[in-house]
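Given below, in the form of structure tokens, are the structures.
In the two complexes that follow, subunit A is the common piece, with subunit B as its partner first and subunit C second.
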Partner chain A sequence: MTVAVLPTTALGELLRSMADDEFVIGFSDSEWTGIAPLLEEDVAMSSLAQDELGHAAALYGLLGELIGSDPDSLAYDRQPEAYRHCRLLDHGRGDWAMTIARRYLYDTADAVRLEALAGGAWVPLADLVAKLIREERYHRMHAGAWLERLARDDGEARTRLLLALRELQPDAATVFTPLPDEVALVDGGILAAPMPELERRWRAAIGPVFAELDLPTPPAARQMQRGRLDHGEAFRWLWSEFTSVRRSEPGGTW
Partner chain B sequence: MASAPELEAWEVFRQEKDGDPMRHGGSVMAPDAELATHYARELFGRRQESVRLWVVRRRDIVDLADPDLLQPPLDRSYKKPGGYLMRDKLAAARERSGESKPKARSSGGARSR
Partner chain C sequence: MSGVAARDPNASRVRAALSEVADPEIPGVSIVDLGMVGEVRVEPDAIHVALLPTFVGCPAVDVIRSAVEARLLEFGRPVDVRFDFRVPWTSDRITRRGREKLRASGFAPPAPVGAEAPVLVQLMTPVACPNCRSQRTVLESAFGPTQCRAIYHCTACRQPFEAFKPV
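What follows is the complex of A and B.
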């Protein structure tokens, strides 16, 4: 199946939201390099972070072809308010429990989103998504293994996990913030179902895990309609970090 | 507060391509088999340098380093093939059968299975 008329605006919003999600969580988690709980985990988390930056580069590449821009410019040359990552990724790095909770919530939601894009009508994205799904499988295994270990601990680890979930969960469902004109993506066969339906699928997927681990499930998102807007202080700091080299010599070649 | 889980050593063997023998890659520290597998994957497979990993708990390995068994003191040279002068006999046999000398095996080791 191919798309008769490409819904360029909606597709651009979709690609930008996905790329920014991957870019921000990748950069955020790369902050663990050198200070993760043990050497092996340091390598693992750094490698996961690199994977996400690779995914972001591929998605920015598609977006760049669509709107006539280049991936570096899309990644680094925007002001903070122009990024469209979800609020779930708008919190500071926090402690290890915070990082694991965020990874688990995001990776499970991302998996549902990717499934809804697999086999879609716009071939360049469907092809990329097929590859992303294979890589993200390991990410979920890693986050799931850690979530379980923190949750089953009967001391500080579980306490910290619960605190992290309390902070993150009101924003967890913002991965599924409805996109501008997303109906065009659904009608065009690019996205299998609208975001509210994907959110239901995600809740159905994580429900049994949270019940098994006796963890509270995420509430409805606060301010869902602005779920990818109004980024806070934590992101402004991260933005100033990841753009610092680029801004030090605009237009420079590295 | 619950005590942190005990870390232990896991040995990692890796296969570079199908048919290659499993070679020792190194070791990782992990509290259990699941995380050991994740760390083995990150340390010995994240750059697509492996097609298979074996992750073995170090204390499950049967260790044999007894010199009485492995390096006995008496002369063992009679157990080595170097004591036999085969080269001339082999050359003569080849001469008779008309076969040429087999080529040296390509590097990369023998097939394991």
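What follows is the complex of A and C.
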């Protein structure tokens, strides 16, 4: 199945949101390199970060072909306001519990989004998604195992996890912020269902896990319509970090 | 063989040449044995090679591209290397010979995956220790020194070892 007329604007918004999500969470994960609580987790977080930055590069590549740009420019040459990652990823690295809570909420939501894109009508994205799904399984497994480990603790680990969830959960559903003109993606067979339906699927998937671990489930997102806008101080700091080399030598190459 | 006229390329000669290009992260195993070589098309003006990255974010792709271009120089035609995901690489694409070479290089080959993405139980399935062949092994971490490798421990010979991830 192919698309007769490509809904370029909506597709660009979809690719930008996905690429920015993967880029920002990947860069946040990379902040654990060298300082994770266990050596194995140091390696794991570094590997996860490498995966996510690779996914972002591939998605920026598709976006670049669509709008006439290149992955490096898309990743590094925009002002902070132009990024479209979801607000769930805007809370700073935080402690280990925060990192695990963020990863679990994001990975489970991303999985629902990827399933809705698998077999879609725009072949370059459908091909990439088939590959991403295979890799993201490992991420979900990692976050799920740690979520359970922290939640089943009866001391500080569970306390910290609950604090992290309290901070992150009001923004958890922003992964499913409706995209501008997303109806064109659904009508074109690129995205299987609109974002509100994907959010329902995600809640159905994580509900039993949160019940089993006696954790509060995420509330409805505050300000869902601006769920990929208004990035705060934590992101501005992260942006200044990941663009620092690029800004120090504009146009420089390796 | 240098100094003679450019060899007449055909797809099987090109594939044979590519079977001498090693994976930079696992030097004992070629990109053909790892199942990374997709379509090879020889045309009058160029040799087109499609390569399938093992992982989307594999940082070795540029090194592999250069190695492929260098190895195919002898055919005297421009080489067009394209990485794509039209056929997704999975660990089932590793050849029988590739699996033997992985083991000889100290890496346990991956369990079969099938058409669906791997699930937890496949990763938890014991793999044979490449050193002593015991099945008494445990997964230590699904994340190793490269994206495609996981860390195991053998309770028989008490050695850590790496396994290629099923993906």
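Keep this in mind: the second predicted complex is superposed on the first by the 254 of 254 C-alpha atoms of A that agree within 3 Å, B and C clash if a C-alpha of one lies under 4 Å from a C-alpha of the other, contacts with A are read in each partner's own complex, and residues count from 1 in each chain.
Criterion: contacts are C-beta pairs under 8 Å (C-beta built on N, C-alpha and C of every residue); 3 or more make two chains touch, one makes a residue touch a chain.
Please read these numbers as outputs of a predicted model, since none were measured by experiment.
Placing subunit B and subunit C on a common subunit A by superposition gives a clash between them.
Of the two partner chains, subunit B and subunit C are each touched by A:44. In the superposition on chain A, contact of A:154 is made with subunit B only, not with subunit C.
Once the two complexes are laid over each other on the shared chain, residue contacts for A:118 go to neither subunit B nor subunit C.
After overlaying the two complexes on the shared chain, residue contacts for A:58 are found with subunit C alone; subunit B is out of touch. Of the two partner chains placed by superposition, A:82 touches none, neither subunit B nor subunit C. Applying the stated contact rule after C-alpha superposition, one finds that A:211 touches neither subunit B nor subunit C.
Shared-chain residue A:141: touches subunit B and subunit C both. Look at A:131: by the touch rule set out above, it reaches subunit C but stays clear of subunit B. Here subunit B and subunit C are compared by how many residues of subunit A each touches, and C touches more. The clash between subunit C and subunit B in the overlaid arrangement falls on one stretch of those listed (5-13, 113-121 or 149-157), that is 149-157. Under the contact criterion defined above, the residues of subunit A that touch both subunit B in one complex and subunit C in the other are 40, 43-44, 47, 138, 141-142.
The residues of subunit C lying in touch with subunit A in their complex are 55-59, 84-86, 88-90, 117-120, 123, 140-147, 151, 165, 167. Put simply, subunit A touches subunit B in their complex at residues 38-41, 43-44, 47, 138, 141-142, 145, 149, 153-157.
Interface residues of subunit B, counted against subunit A in their complex, comprise 1-2, 5, 7, 28-30, 34-35, 38-39, 41-43, 46.
Listed in rising order, the residues of subunit A touching subunit C in the complex are 40, 43-44, 46-48, 50-55, 57-58, 123, 127-128, 130-135, 137-138, 141-142.
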